[in-house]
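In the two assemblies presented below, chain A is common to both, partnered first by chain B and then by chain C.
Take a look at the complex of A and B:
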């Protein structure tokens, strides 16, 4: 069921006029016949009071990008809450490799700022907490992430970090990712990217990759073990993974990210800054990949093989693809029988809102509404619009990191001619965005809010909605299955071939669970008094 | 699991926390505000705060947790959040139409010093609608303090002593407990035939049924009329000194309603104490139905005492709940050798006493010694356990890491429970709640005994 412009206007009419004007720009009905490509507003402020799913810069920095690095101690400088809520809640799984005392993934460190720290400053306390951490844990490196009050009271966490580095001879990274910065988690991704690029990547001693087909996997956070499934496939084909950013990743590996021959970008939004900077500094091209769904995974593997252009690698790639397809396709078809013909909303963070549409399609489910919580225009419209994006004050407050060619380590991985030729065939240093893949008539919504969620459900009556924890039960109360695609409802992996199967199994389960049948009690469908018509003598 | 935690305890000097046993004020304020009928909690701060609190509450209750935010930017942090809050108030009433909007602050807005009452006064609040607030600086106390502050806000804004003579009714402030606990406390009073106002009351709000329809404001929650009427009650029973007594004291000051501060009625002694207060207040005898329940509980406790007597237990969580649990396990003959809360012991500027003294006194009376700490963290608890192992850990979900590391059973009680369900629908208060706790404790211990038993020691009857 499609939506009409009129229905959309009616929906928006409920807003106060100023909000209406703002929100209209964040919603579009896909139409590929327009003369110029459709434009959507994104990465701008959420209107106060409009119930949003968005979080903050701290969540994007510590919670998403920095936090998964397992051999570091991550200290949150601030009152207790922010550290607490990012402790074990994002499912970025991490295995202990080697020394079990160097995996800090299940720990949570906070300076637990008190009123006196707010009044007199928290730098001393932070320095002492670092002392405690060094005394007890001796991590390979430490990160400090700032929360709102830190910036307001003017604590210089960079200076504290520097002094600690001098004292202990390890790297102490500081991130000024105060929650009020930017308009969403996105600002925090950018801040984290800058910090890791400036201070960690390239600090390793390797000059060359230790093996052929060396790659980095960027923007893979190993939610529910996604990264492990991707690694399984890539390693079997013969790729050498230098580092994963940052799911199950380590500080030690990250330092050598400069030696890779290719950077894969899974979550474009959260890591494209590093991808771009690696290309400028070290000459390493990046490629947009998508390991969600069988077809996308196959396409990605073929694109990777095409990049390296090595016959043996191409052959091995096809061998693995053939074997995996033979294994999963028949099973996917079984699940498809139950899912076929259904419709979905797909509203996730900054790349899954796009990626999962393909997987839904493989199951015969059409995505009728999709959107991102904190993406930018390029994630919708494609990177070609980046020069046209007007930077507002909120974005300008996040400094850009400018890198230059590394005189020692910059190496062209491809000849300029080959690069241009490949660019025509594979998404090399390019992301085409979500919109292009969506059907005409479907809806794209940026920063979908509670009111719109309810209203769009009423109009479009989807069979399933993939979103996050905050609206999961709102949706289910309406009798519609809801699949969390931030945490996968504690299942997974959903990436790669095994992940596609797991997803199909879980989605099918959400349709076929008998529990939906009990919503209406039997007495609602049956009159209380059952009588028979009496005959003339009054005998029933 | 937690392999970096050493057995040797070194004094930490930094004042930071490793694996906290508390979180910040605003989430408690948000939870308390949900206990008012047709109320939308509003977080005055950055978006992340609201998002984190909704996430955590939703995961604990597995029910919609609706709340809005002032969506601060860098600009509002510099120039103040007045404009944001006023815009939010307008949008909230236009779009979500609550009767009441409960604003709580965050560390951001406390640090910049936004004057909430004056912002509210200059905001467009529709006729018949109400906006109230509580200051909940995240850098003081804990989520329990935030709960307490929001309940205080209810009293200071709404409670009125309209009648010269107090009514035959009492106020009950249940504290930061599950909706099932609030239901159970109300059931006890209903069986007593006592008139009461419970505030806040999240039952019917965060344990709403599946009907095929989403209701932004479910049936439950204390009404505004009830909140006003709290000033006319003859007594306020504050259940839990940390979450409830501040509001009760404020009500005493404002409307001359006397206060009885009691333990959260977890276990037999605290439930007895609660019912005795109700009995005295209304001069009503305890009904046979409740006496039967109590008798059944004592029956079970006695019949199965060998399942738990003398077992060592570590208890952590929120001060009021931990105090109640400690008292209960002591009445079972268990040894609570480690007792810890993340909430600071004596709260800020209030009548709330010391957690550590309370627990130490209970241990002393039982002739026991143990580690007791307020304002502690789970790193400390883990080190204690490494030095003196226990048979059982009782606490929230975060205890599962220690439980696994030390191969010790964990009974999940308190907030938050993120990895199991049904807990918010089942009480731990009252005699029935005590039976449930007893079942959980016994089962955990006996399951462990079964798991570890050699074939020849594996028993059918236990």
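Take a look at the complex of A and C:
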């Protein structure tokens, strides 16, 4: 069921007129027949007072990108809340391999600033906290993430970090990711990317990759073990994973990210900055990958093999694909029988809003509405629009990090001719965005809020909605199953072949739970009393 | 015997509390048709909604003024007013709470002035907008909770003709607990004003059609009338005077104030029923006396198991105090009592209680889980009671956790946990006893084997 312009107008009419105009630009009805490609507004300021699902720069920096590095201690410099709210909430799993005392993933560290720290400054306390951490934990490195008050009171966390580095001889990274920066967590991703690129990547001593087919996996946060399933497949084929950014990743491995032959980009939004900078500095091309769904995984594996162009690798890739398909396809078909013909909304953070549409499609479910919380136009329309994106003040406040060719370590991994040739076949250093894959008539919404969620549900009546925990209960209260795609309702992994099966099982469960049969009580189905109504005189 | 222990470390490792605005959201969620806006970065509201929603399994709509870098320089007045406009247009609330955050307070926003100007500009004198100063560094979530209540009462209560109702100031307890309190009041035929009342709003039944704001909550007219009540019972023994709503009603309107612990445990429930009787002259009905008898029966039946329990109790001061009392009543003597908040009152309250306890007790305030864990290990505790972050005590120290309070994120049903009144206490006690028993059943054979098994004495036939 599609939506009409008129319905959209009525939906927005509930807003004050200025908000109507603003929000209209963030919504489009997909139409591939327009003369010029459709444009959506994204990565602009959130309308105050609409119940947005977006978070802040700190969430993007510490919560998403930096936090999963397991051999570091991550200190949140601020009052207790912000640290608490990022404690284990993203389900970025990390296993302990090697030294069991160097996995801090279950810990939460904060300077717990009090009023007096705001008045007199928190630098001293921060320095003491670092002393405590060094005495007790001896991590491989430390990160400091700033919360709102830190920048406002002028604490120089960079200076504290520098002094600590001199004192202890380990790296202490500082991130000025105060919550008010930028318009969403996207600003925090950028800040984290810059910090890791400038201070960590390339600090390792390796000059050459220790094995053939060396790759980095970027933008994989190992939610519910996604990264482990991806690693299982890639390692079997013969790839050598130098580092994963950053799910189950380590600072120690990250330092050597420069030696890889190829960078895979799973979540484009949160990590494309590093991908681009790695290409400029070390000559390593990046490729957009998608490990969500059987077909996408297969396509990604073939693209990777094509990049390396090695016959043995291609053969092994096909062998693994054939075996995995034989294993999962029949089971997927079983689930498809129950899912076929249903419709979905798919609204997640930065890339999953796109990735899961393919998996839904494999199950016979059509995505009728999709969007991202904090993406930019290129995530919707494709990277070719980047030169046309107007940079507003909020984005400009997060400076781009300028990198140059590393005189010693820059290596062309492909000849320019081969690069151009491959670019025609595989998504090399390119992301085509989400919109292109969506059907005409479907809806794309940027920064969907609670009100719009409810209204779109009323109009489109989807069978399932994949979103986050904040809107999960709105959706379920409206009688529609919700599949939480931020932390998977404590399920997963959903990536790769095993993940697709797990997802199919979970989705099917939502459709087939008997609970839905009991919504109407039996006495509402049919009248309890059967009889005729007496007239005024009491004669029937 | 209580021992106070100080945390000498600077680092807060695994916090035992959340920030002030988080606590302040909850009371507004228990007022009829109320909405809340956080004035600050939008991350605050997103994080807090996430944590509240995961505990209650309910929609939690909280607005944000979405301040950004420009707002930090030029002030956030425009953003806040726009947020209020949009909330009013889309949600049609009958009341709005405006909470500040680290950002708003650090840049010195005068929210009271902004909201007053706003009300005047828009001509909405009949829509109460209550602002609460809640910077994250100003205290923890329990302090935010009561400060919000105090501000709500200060803003709304009016001089009212005496009306014979009893005010009940409700701390952060579960919707099921509040429903139980209402049932007790109904059985005693006592008219009351409960503030706040999340019993329906944060545990709403599945029903169609979905409404943006849940039904239920304390009526605004009732809050206005609190000044005319015959008395206030405040379940807030640990609350500072300046954030005590009951104290304000006493000072401003002469409403007599009774400070009572949360009625968990037989003594605290007795005190609750007795106080209600004294205030209203209504007797304890027979059915409640029977419930008391059943609780006593439970306590007697379980006392041998309970006496083997040594407890770690942590969380919000008010709940911690009530649970400590309950544990002492039943011989599950506390060995560690901890709260993440800075709170002197709880230490004073615990003193007479713990003087009668045979166990040494570490009493910690401003505690983090590192400290709680270290003390728990040292003291040989075998049961922990508190919110779900205590799960690490189980994972790392093998101490089983009975989940109680807020937040409970790793189990469902936090909103349905019933622990108050005679019946609720019996249910809570069963949860404690069964946890001790489960542990006992799991380890009994091993313990016995270690103690008594002296090797095999089997003889092989023919051997001498």
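Methods note: the second predicted complex is superposed on the first by the 525 of 540 C-alpha atoms of A that agree within 3 Å, B and C clash if a C-alpha of one lies under 4 Å from a C-alpha of the other, contacts with A are read in each partner's own complex, and residues count from 1 in each chain.
Assume a residue touches a chain if its C-beta (ideal position, glycine included) is under 8 Å from a C-beta of that chain, and two chains touch if they have at least 3 such contacts.
As the structure is a computational prediction, the values presented were derived from the model and not from experiment.
Asks: Quick check on the chain A-based superposition: chain B and chain C, clash or fit?
Replies: After superposition on chain A, which the two structures share, chain B runs into chain C.
Asks: Touch check for A:100: first (chain B), second (chain C), both, or neither?
Replies: A:100: touches chain B, not chain C.
Asks: Could you say whether A:149 touches chain B, chain C, both of them, or neither, answering first, second, both or neither?
Replies: In the superposed model, A:149 contacts both chain B and chain C.
Asks: Examine A:470 and indicate which partner it touches, taking first as chain B and second as chain C; both and neither are also allowed.
Replies: In the superposed model, A:470 contacts both chain B and chain C.
Asks: So which positions on chain A get touched by both chain B and chain C?
Replies: In the superposed arrangement, which is not itself an observed complex, chain A uses residues 14-16, 19, 45-59, 75, 78-85, 87, 89, 106-115, 117-118, 125, 128-129, 131-132, 136, 147-149, 151-153, 179-185, 393-394, 397, 450-451, 454, 468-474, 477-479, 519 for both chain B and chain C.
Asks: Residues of chain B touching chain A in their complex?
Replies: Spelled out, the residues of chain B in touch with chain A are 1-4, 6, 10, 12-20, 22-24, 26-27, 42, 45-49, 51-56, 58-59, 62-77, 84-85, 87-92, 94-96, 106-108, 110-112, 137-140, 142, 208, 210-215, 342, 379, 398, 401.
Asks: Please output the residues of chain C touching chain A within their complex, sorted ascending.
Replies: Counting only chain C, the residues touching chain A are 9-15, 17-22, 37, 40-44, 46-51, 53-54, 57-72, 79-80, 82-87, 89-90, 101-103, 106-107, 135-138, 140, 204, 206, 208, 210, 212, 340, 389, 392.
Asks: Flag every residue of chain A that touches chain C in the complex, lowest number first.
Replies: Touch list, chain A to chain C: 14-16, 19, 45-59, 75, 78-85, 87, 89, 106-115, 117-118, 125, 128-129, 131-133, 136, 147-149, 151-153, 178-185, 393-394, 397, 450-451, 454, 468-474, 477-479, 519.
Asks: Okay, in this complex, where on chain A does chain B touch?
Replies: Answer in residue numbers: 14-16, 19, 45-59, 75, 78-85, 87, 89, 96, 100-104, 106-115, 117-118, 125, 128-132, 135-137, 147-149, 151-153, 179-185, 393-394, 397, 450-451, 454, 468-479, 519-520.
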